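Order of writing sets the chain letters: A, B, C and D. Residues in each chain are counted from 1.
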Amino acid sequence: MRRTLPFALVTGVGFFMLVQYFVPKEEFEIAYEWILDWTIVIGCFAMLLGLWSLTRVNISKVQRKTPGWGYSLIAIAGMVFMLLVGFIPGQKSLERGSTFMLLFEYIYIPIQATMFSLLAFYIASAAYRAFRARTVLATILLLSAIIIMLRLVPLGPLSEINQWLANFILTVPNMAAKRAFWIGVGLGVTATSLKILLGIERTYMGRD
Amino acid sequence: MGTEEIIWNGVAAFLVLCIYTFLYKDTPLYKFAEHLVVGVSAGYFAVILYYNGFVPKLITPLKQGQWVYIIPAILGMMMWTRFSKKWSWLSRFSLAFYIGSGTGFAIPLYMQNYVLRQFSSSMLPMGFSSWALFCNILIIIGVLSALVYFFFSKEHTGIFGGTAKIGIWTLMIGFGAGFGLTVMGRISLLAERVVFLREYLLELKYYLYLLFKYGLPL
Amino acid sequence: MKKLCWKILLLPLFIYFIFFSYSLASETETSAEIISATQWFNPQRINVFIILIVFFAFVLYFIQKAKKGGSLFVRRIAGLDAIEDAVGRATEMGKPILYISGIEDMDNLQTVASMIILGNVAEMVAAYDVPLLVPVCLPFVVTVAEEAVKQGYAKAGRPEAYNRDNVRYLTSEQFAYAAGVNGIMLREKPAANFMFGSFYAESLLMAETGLSTGAIQVAGTANIHQLPFFVVACDFTLIGEELFAASAYLSREPKLLGSLKASDLAKFLIMVMLVLGVLLETFGITKFTSWFFVQ
Amino acid sequence: MNFYERMMNLDRRWIYLVIGLVVVITAIFPFDVPLYVTPEVRSIYDYIESLNPGDVLMIGVDYAPEVMAELHPMTYAISRQCFKKDVKLLLCCLHQNGPGMVEQVISQVSKEYNKINGVDYVYLGYKPYPGITILAMGQNFRIPFPEDYYGTPLDSLPMMRGLTNFDNVKAIINISGGSGTELWINFANGRYNAKLAIGVTGVMTSDYYPFLQSGQIFGLIGGMKGASEYEYLAEKDGYISRAKNQLSAYKTMPIQTTSHLVVILFIVLGNIGFFMSKKKKSRI
C-alpha cells in the first residue's frame, strides 16, 4: 500500500492532465487550473523542508566546528534575518524601500549579477582551452564558433563574406541540428513520461 | 545620491568585488559573499513563495469558501511527515501528485511543440533552381543524419555509422554557433558591471568632495 | 494481475478517444476556427492524438516483447560508461563525488531522469567509503534525491552508509546556487562531478570551476543552449535524448530498454514521413505537411 | 617545458586578467566601430525612410524588462526615426509585463518631438491571448481595443479616423522577446497579408531567418548587434544623437568588438601553441 497507492495517484493525475489537453470542456479547464494551483501550494509546503535542510547542515557544521564554520553562521544569519524582515511587516515588506527589498536589491541582485558576469571570463578561458584543432569534431566546433564571433569584428570587405557564412551556419546546419535535437528530446520525454505513468519506471519513489 | 544610497551602493560594490576575487582564487571574501547570498536568497525565496504562492493559491481560495483547496493543504502537510521516520512514506502522495501532473502535462506538450512542430517545419520543398531550395536539401540531410545519431538500437558502423558521423558534425556546428552567439551576451553582462562600479566611484568622489568642501551630510 | 489492471485502465480511455476522434475527424476542416463548448474532443489536436496513440502502441509493444525475452541491443553510450570509470577513480583517490541535478523542479522530466541516474550512481558509490554530495536547488527535489540515494545504498546492501547531510538544500535562486556549488567544488575537492538535468546559464560557471579542480566531469542536458558549454568543459557529455536513455542503459532492465526501441522506431517513421513530406512539398502538395501543424 | 607548451598550458588567470583589462579600458576609452550593416536590418530602415509624412506605422511591443537591454534600443530608434519623419505611430503590447515598456518609450520620445497623443500616436494598450488579439485586430482595432491605454475611446482619437485594421497601416514592426513573434507571422502576415518585420533577442535570431528567406517578413533586427546596426544607420542620418545619449546599443559595440577580438586571438594563439608543440614532438 505504501507504494501502490502513490503510484496509482501518479497514473490518475497524469492521465487526467494528458486527457484534458484534448478535451475542450470547461469543467476540465477548471480542474486543470486547480491542479496547477495545487502543485504550487505543495511546493510552498515543501519549502519548509528546504529551509530545514539548509539550517540542519549549517548548524551541524557550526556544532562540529568544521573548518569555515563561521561562514555557515553567516548563511544562517542571512536566512533568518531575511525571513524576519520578510514576515514581520506582512505584505508591506514587498513594497519598494522596505528593509526586505533593500536587502534584495543591494545584496542579492549585485551578487547574482556579478556571478552571471563571471561567465564573460569563463567563456574566454573555455574558448582558449577547448578550441584546439585536435580532432575533426573539435575543429568543426572551433571554426563554427569563430565565424560567428567574427561578425562583431570589423573586417572591411571581408565582413560581407563572413556575414554570409555566419548566416549560412545559423540557418542551415544550426537549424538542422536544433530540429533533430528537439525531435529526439520530445520522443525521450514522451517515452519517459509514459513509463512513469504506467508505473514501469518507479525508481524515483524510493523503497519501503 | 544621498547618504543612504551611497552606503547601500557601497555595500553592493563591495560585494561585487568580493565575488570577483574568486577569479584569482577561493578567498575569504568570496566565501563570505557566497554564504551570505545563499542564506539571503533562500530566505528571499521562501518569503516570496509565501506571498505570491501560498497566500493567493491557498489562503485566499479557502477564505472564499473553495473547500476543495483543502486537498493541496493536506497533500502539502504530508510533505512534513518526512520529519518522522515512521510516517515519512505519506510524503509520497504529495510527490506522486506533483510528478504525475508534471509528466501528464509534458506528454502532449512535448509531442506538439518538440516532435510535431519541428518535424513538420522541416518538410520543405527542395530543388536546385535557387539557393534557398538548395539550402533546404542541406537542412533535410542534416536533420536526417542527426536523427540517425540518436538511434540507440544499432551500432554506429558502416553506412549507418557514416551518416551518424555527419549527424554529430551537424550537431557540433550548431553547438559552435551557440557558443559564438553567447559570447556577446556574457560580455555585455561584464560591461554592465564595469559601468556600475565606475558610476559608483564617480558618485562617491562627488559625494566626498561635497562632504569635505561643505561638510554637509546630504 | 497487475498487467490486467493496466489494460483495464487503458482500454476504455483508448476506445473513448478513438470513437470521438472518428466522429469529429470529418469536422476538422470546417470547424477549425471555433471550438464549441459542448465538444468532447478538440478536433484541431487530432494529429497530436493519433501520433501519441501510435507512439504509445510502440512503447507497449516493445515492453511486452522485452518481457518475453526478445533480444534488445543498445549501442554504447560513452558518457554513461564514463560514469562508472569516474566513480572508480574517485574511490581510488578517496575523494568525494558531486552530483548536480540542474535547477528545475520535479515537474521537469529532465530532473526526473536525473534522479533516476542518481539512484544508479548511488548504487555504484555505496560499495566504497566515499561521500556522494548532492547539493540541491529546490526543496522538492531534496526529498526525491534523498529517497534515490537511500534506495541506491540499500540496493547495494549498505543502507547504513547513507549520510543524510550529504543530500542538502542550498537555495532556489540560480546564481546563488551556482556560487554555493562552486564553493563545494573548491573546498571539498570532489574527484568526479556529475551534472545531469536541466541547466541554464550556470552550466559554465560550474563546469569551468569543476575543471579547474581537476575533477572528471560527465554532464548531460536537454537544454540545447547549454550543451556547447558542457561539450567544451566536460570530459563526456550526454546530448539531449541520451539523457533520457540513461535510466534504461544503466539499469539494463529489459522493460526500460523496450522504450528505447520504441523511440527508435518512432524516429525511423519520422524520417520516412519527413522524406515523403519533402517530396510532396517539392511537387507542390502541401496537404500532408499542413496536417501536422498544430494550432 | 618549452615556450609553446607553456603557452598551451597558460594559467587561466592570465586570460581573466586580459579580458578584464580589455573591457575596462574600452569602457573608459571608447572608439568608433565601423559597423557592417546587414541587409535584413537595412531593409527595415530603408522602408521607414521611404514613408511619407502622415503615413501610419504599427509597432507591436511584446517584451518584459528582462530583455529590455537588447530590445529597448530598437523601439527607441524606430520611434525616433518615425517621429522625426512625421510618420504616425500605432502601438500595442501583447506581453503581460510589457505595457510599462511602451509607456516609457512613447512618453519620452513624444516629448522630444512635441508629438501629441491621439494625433501623432496612439497607444492601444495590453490585451492577453496574443493570437486572438492579433486576429481580431486584423478585423478591426476596435474589437480588442475599444479604448486606448489611457482609457479614451478609439473613435474619439483624431488619428484613428480611417484607421480600421492592418490594411490601413503601412507596415507592422513586431519587437518581441518571446513566442509572440510567430503569432504575428502566422496571423498578421499569414492571414491578413500585412507587411511585417521583426526585432528579436540574440538567442531567437537564428530561428527567424527562414521567414526572411520565404518573404513572410521583410526585415529582421537581431539582438544587440542588430539594434546597434540600426542605431548606427539612424545616427548617420541624424535621427538620434550621441550628444543626447540616445545610442544605447551602439555604445556597447566597442567593448564587444575588442573583447571578441581578444577571445579570437586567444583561440589562435592556443592553436599555434598546439601545432608547434606537436611539430617539435614529432621531430624528436
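Throughout what follows, contacts are C-beta pairs under 8 Å (C-beta built on N, C-alpha and C of every residue); 3 or more make two chains touch, one makes a residue touch a chain.
A quick note: this is a predicted structure, and the numbers were derived from the prediction, not measured.
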Comparison of A-D and B-D by number of C-beta pairs in contact, larger one: A-D
Most remote chain, CA-based centroid, reference being chain D: C
Between chain D and chain C, distance of the C-alpha-averaged centres to the nearest whole Å: 36
Distance between the centres, which are taken as Cα means, of chain D and chain A, whole angstrom: 27
Geometric centre distance via CA averages, chain D-chain B, whole Å: 23
For chain A paired with chain B, centre-to-centre distance based on mean C-alpha positions, whole Å: 4
Residue numbers of chain C (touch at least two other chains): 45, 48, 52, 55, 105, 107, 109, 112, 140, 143-144, 169-173, 175-176, 179, 187, 224-225, 228-229, 231-232, 239-241, 245, 260, 263, 267, 270
Multi-chain contact sites of chain D, meaning residues that touch two or more partners: 12, 16, 19-20, 23, 203, 205-206, 210, 213, 225, 256, 259-260, 263
Shared interface positions of chain B, touching two or more other chains: 19, 22-23, 31, 33-35, 37-42, 44-45, 79, 82, 95, 98-99, 101-103, 105-108, 110-111, 115, 119, 121-122, 135, 140, 143-144, 147, 150, 171-172, 174-179, 181-184, 187, 190, 192
Complex contact set, residues of chain A against chain C: 11, 15, 19, 21-26, 39, 42-43, 46-51, 53-54, 56-57, 60, 68, 108, 111-112, 115-116, 118-119, 122-123, 125-127, 129-131, 141, 145, 178, 181-185, 187-196, 198-201, 203-207
Complex interface listing, chain D residues touching chain B: 13, 16, 19-20, 23-24, 27-28, 69, 202-203, 205-206, 210, 213-214, 223-225, 252, 255-256, 259-260, 263
Complex interface listing, chain B residues touching chain A: 8-9, 11-13, 15-16, 18-20, 22-23, 31-51, 53-54, 57-58, 61, 68-69, 71-73, 75-77, 79-80, 82-83, 89, 92-111, 113-115, 118-119, 121-122, 135, 138-147, 149-150, 167-184, 186-187, 189-190, 192-193, 196
Chain D residues touching chain A - in the complex, by the definition given at the top: 10, 12, 15-16, 19-20, 23, 33-36, 38, 205-207, 209-210, 213, 225, 253, 256-257, 259-264, 266-267, 269-271, 274-275
Touching residues on chain B, where the partner in the complex is chain D: 23-24, 121, 132, 135, 177, 181, 183-185, 187-188, 190-192, 194-195, 198
